[in-house]
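Chain nomenclature is as follows: A, B, C and D, assigned in order of appearance, with residue numbering initiated at 1 for each chain independently.
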Amino acid sequence: MSLTPPPTTKSTAASTGILRVCGPDANGIVAAFAQLLYGHGCGIIDSENHADHEAILFFERIHFDYSQMKTDRHTLQNGIEEVCQRFSMQAPQLDWGDKRKKLCVMVSKYDHCLWELLLRHRAGELNCEIALILSNHPDLKEIADSFGIPFHVFKVTKDTKAEVEAQELALLKEHEIDLVVLARYMQIITDQFCEAYPVINIHHSFLPAFIGGKPYHRAHARGVKLIGATAHYATADLDEGPIIEQDIARISHRDEVNDLIRKGRLLEKSTLVTAVKAHIEDRIIVYNNKCVVFDG
Amino acid sequence: MSLTPPPTTKSTAASTGILRVCGPDANGIVAAFAQLLYGHGCGIIDSENHADHEAILFFERIHFDYSQMKTDRHTLQNGIEEVCQRFSMQAPQLDWGDKRKKLCVMVSKYDHCLWELLLRHRAGELNCEIALILSNHPDLKEIADSFGIPFHVFKVTKDTKAEVEAQELALLKEHEIDLVVLARYMQIITDQFCEAYPVINIHHSFLPAFIGGKPYHRAHARGVKLIGATAHYATADLDEGPIIEQDIARISHRDEVNDLIRKGRLLEKSTLVTAVKAHIEDRIIVYNNKCVVFDG
Amino acid sequence: MSLTPPPTTKSTAASTGILRVCGPDANGIVAAFAQLLYGHGCGIIDSENHADHEAILFFERIHFDYSQMKTDRHTLQNGIEEVCQRFSMQAPQLDWGDKRKKLCVMVSKYDHCLWELLLRHRAGELNCEIALILSNHPDLKEIADSFGIPFHVFKVTKDTKAEVEAQELALLKEHEIDLVVLARYMQIITDQFCEAYPVINIHHSFLPAFIGGKPYHRAHARGVKLIGATAHYATADLDEGPIIEQDIARISHRDEVNDLIRKGRLLEKSTLVTAVKAHIEDRIIVYNNKCVVFDG
Amino acid sequence: MSLTPPPTTKSTAASTGILRVCGPDANGIVAAFAQLLYGHGCGIIDSENHADHEAILFFERIHFDYSQMKTDRHTLQNGIEEVCQRFSMQAPQLDWGDKRKKLCVMVSKYDHCLWELLLRHRAGELNCEIALILSNHPDLKEIADSFGIPFHVFKVTKDTKAEVEAQELALLKEHEIDLVVLARYMQIITDQFCEAYPVINIHHSFLPAFIGGKPYHRAHARGVKLIGATAHYATADLDEGPIIEQDIARISHRDEVNDLIRKGRLLEKSTLVTAVKAHIEDRIIVYNNKCVVFDG
């Protein structure tokens, strides 16, 4: 019996991959993947599965060590696809863990979410590369510069939207971006954009309350006792995408709109980073406009 | 200098009263009431004020000790009213603290909120009398009986609603009820009812999300990561009344609708009791469909 | 491909069992158990595993459906034990789910934890039988009676402790108790007792702060801004056992000791029930004086 | 009746001052100060008082507008002192609000608390001047430089401690520092230092749990389910000073020491800034090793 050597940390272990699968619930799926990995000489570091009994769907995430794999990637991938087909599952999502995801952050004038992403990235909390920052305003260029990250300004007007987005998409392609993060980006993006890339947005309310503009003003007007923030995948329908993470803060009658905005900034930045971290670590599976978010 | 003798607890001190006032913000209000009370030989145990700078309104709650009052209640009351008129304030709300508020709890079939009210009342947390329990179903009669509280069943149909409510209102009047608590009462009450009595309702979502029916089912369908509960004064508009208290619980993809309902029960019962306690202790001032809730 | 029929709820599905295993981390464990269950015709409803990389230990909990098992319980049990031996694991913990655990609740004079256990049990949240209530005081007998649960008073003094505990243990044996819950039981129990049964205690502080007596008074004296409650397995060392669940509430300078006690009651009762629920659902594995608590 | 013009925000209103008083509880104190301010033509923007009934002590904080003061500062100050003497109170703390407090932040190698202070200061949340950064390591100089704040390195050894502290104190005096913030400064400071300046420290546990070194390691070893952070005034006794603010985060068996450190950083930085903000806004009164923290 050979003990699995403990990785230095859960996220930085060399030669570990992550497999995510999803499909109709059925007997034998867990066994099939576990057996397959074992047969190839791969150890399961941790795995988690979930069944939605209402939708009769099964989800599994397997974090595995392939440092002593007896075959090669191509063969294992084929084996995984074969199991998925046998159980009528969707195509597997397989990440070999040797290529950090590349992020594009889109901002306008608010800087708190951008700072939180950059600082927590630098602290080693986000295992990705922040490759590009886009904005419709030049204000935050200095921050990007101080971190040595390319910063591009794309002014958007109603008339130029399609054209500008085409330029942006070209730039994203050039930089081989894997994920777009809207860090309080104050422009609506098009469906094309959302379909081309996974896009995580931070909305400054606990959705579905206060969908749309000026949620803090409306929360103040309504006299709520809690404010919230919601990180979700952006989809064609504004603020209707799959929710990844939400958090709230308690407020009182003493809090004016400006206090809500101030308290909300803390929620926005931490909620957004939590969601981005979950995406980067391949812990999310989207289905039926919902997110399975496996534990970190 | 005579030291104020410390009351045994904040809420049960003998001969203490609570004054709540509200009106246009102006210089001299705090001084006027403080001076008035002092002049009558009353000590301020604690007081809290608040200004809504947007609405330019002022609110104050004063908890005072009148055990050594040099005049009488009538004279002090007159003095308070005179100050309110001088500052163009609304009529004062003055409670001499020698008569416990009488509550009517309205229920249907769910018992968790009723139990929490009864048990925490018995533990001495709610300084009131639970005088009456009304229901549209007989199911919870046994609980009422075990606490020795009158329990009446009023079956309601669309056709009989007006007539039945008239009977209920007559019963409330007979019992000299001060506050009605809807403890998961599954009937809509009429405007007349809400206007006749202060009515606190518990809604099983963080309003304004999921207004209306089946909020847990809709929360599950939407894939939120938090569920909530909201205690509010009931008004003519369903779930649109002034919010007193809200709380949330974290959920995950593992939680089915039944889990939301189960977790929600804990929120509902604690949120409702917190709101009822604030009302009983005269800590709430309602204005512009919002609640100032002074700290307990 | 036969779809697993969705159970009515996660906890009440007929013919489902729970396997918990623990041992040195190694490749192939997940596959071995998954394959074994599949081979016997059992479906995995959900499973979760965990590796403590520091202690190089592996933990797994498998919730499986044996309604279409092709062999019998004895054969499957043998197979499981064989796998455990092969991987040098501890003896497996296997629950066939057809016998509800029997609880003995021990109380003194405080009733809030007892009420919460009884009411949430009656609401169907705790899949167990509350078979017995023991106390060193007669005060709570009426509550036990109203739920039809046997209630025994055992007065304890320093001199009679050993003798009385022997009587209590005899009674627990007679009632075939599986778990003892100390619901604010104000007596120290002996090592013998803790070794004879799993015992869950609720301590009214966030351990390891305020170990021992009068934690609310000491919290007030220290001027903390949070109070807490901790549910843990009782061991020979007072308040030093493995922690199952903790929660806190925010307090302020306005809160006197009595307010801490009042706010603490809410924490105590909810934290205790959460811990008892985790134990009943076989979601806990204890090792190195810690608890792995798999998600519910 | 002249309405008080609403200030633009609660914290930036011109010509507003804050008075804090504390002494034996007695009748007439609230009236005396309210009357005094009114007599001088000052309006009360908001005021809050508190009585510790056990210690029989009274505390009040009054935020007042002196833009239409009919006398001068000296005369009002004399009046306030006279009232304090009449009621045997401590010397009043009076801030005219026209001079921002000057902060010295002390750091070692961790940068997350420093960043949070600097960024939230820049966002306008902290109404103070960050005038100086001291460190026993040169690592964070670049951050200080990018904000244009003087940064001094003082290497400390056992033998040089007294001498180095003398140099530091001289520098603090030269910069007219009002408050010292230990932002994860990894050196013990002397009593002399704590007595010369108010010093706020952030400790990475929910005190009094895990006093002293390596709290995250000890929390992990103990198997707690919550970690915390505590901001407190530093006193001669390590980690025993008056607590200003505490917060916690939920952890699980999945979290290793590194995860606790990571999650703890978020707690540390937000808890520290909350405490610093309360101090800067003159919302804290210290007595009996506790803090009254009036609401913001």
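Quick note on the criterion: contacts are C-beta pairs under 8 Å (C-beta built on N, C-alpha and C of every residue); 3 or more make two chains touch, one makes a residue touch a chain.
Keep in mind that this is a model prediction, so the values were computed, not measured.
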Type of chain A:chain B copy interface by residue overlap (half), same or different: same
Pair joined by the larger number of C-beta contacts - A-C, B-C: A-C
Centroid-based (C-alpha) most distant chain relative to chain C: D
Centroid distance [mean C-alpha coordinates] between chain C and chain B, Å: 37
Centre-to-centre distance between chain B and chain A (centres being mean Cα positions), rounded to whole Å: 42
Multi-chain contact residues (two or more partners), chain A: 10, 50, 53-54, 252, 254, 256, 295
Residues of chain A defined as touching chain D within the complex: 9-10, 111-112, 115, 119, 123, 125, 146, 252, 254, 256, 258-259, 262, 265-266, 270, 295-296
Complex contacts: residues of chain D adjacent to chain C: 50, 52-54, 206-210, 222-226, 228, 242-248, 252-254, 256-257, 288-293
Contacting residues of chain B [partner chain D, same complex]: 1-4, 6-7, 10, 24-31, 34-35, 37-38, 41-51, 53-54, 56, 86-88, 295
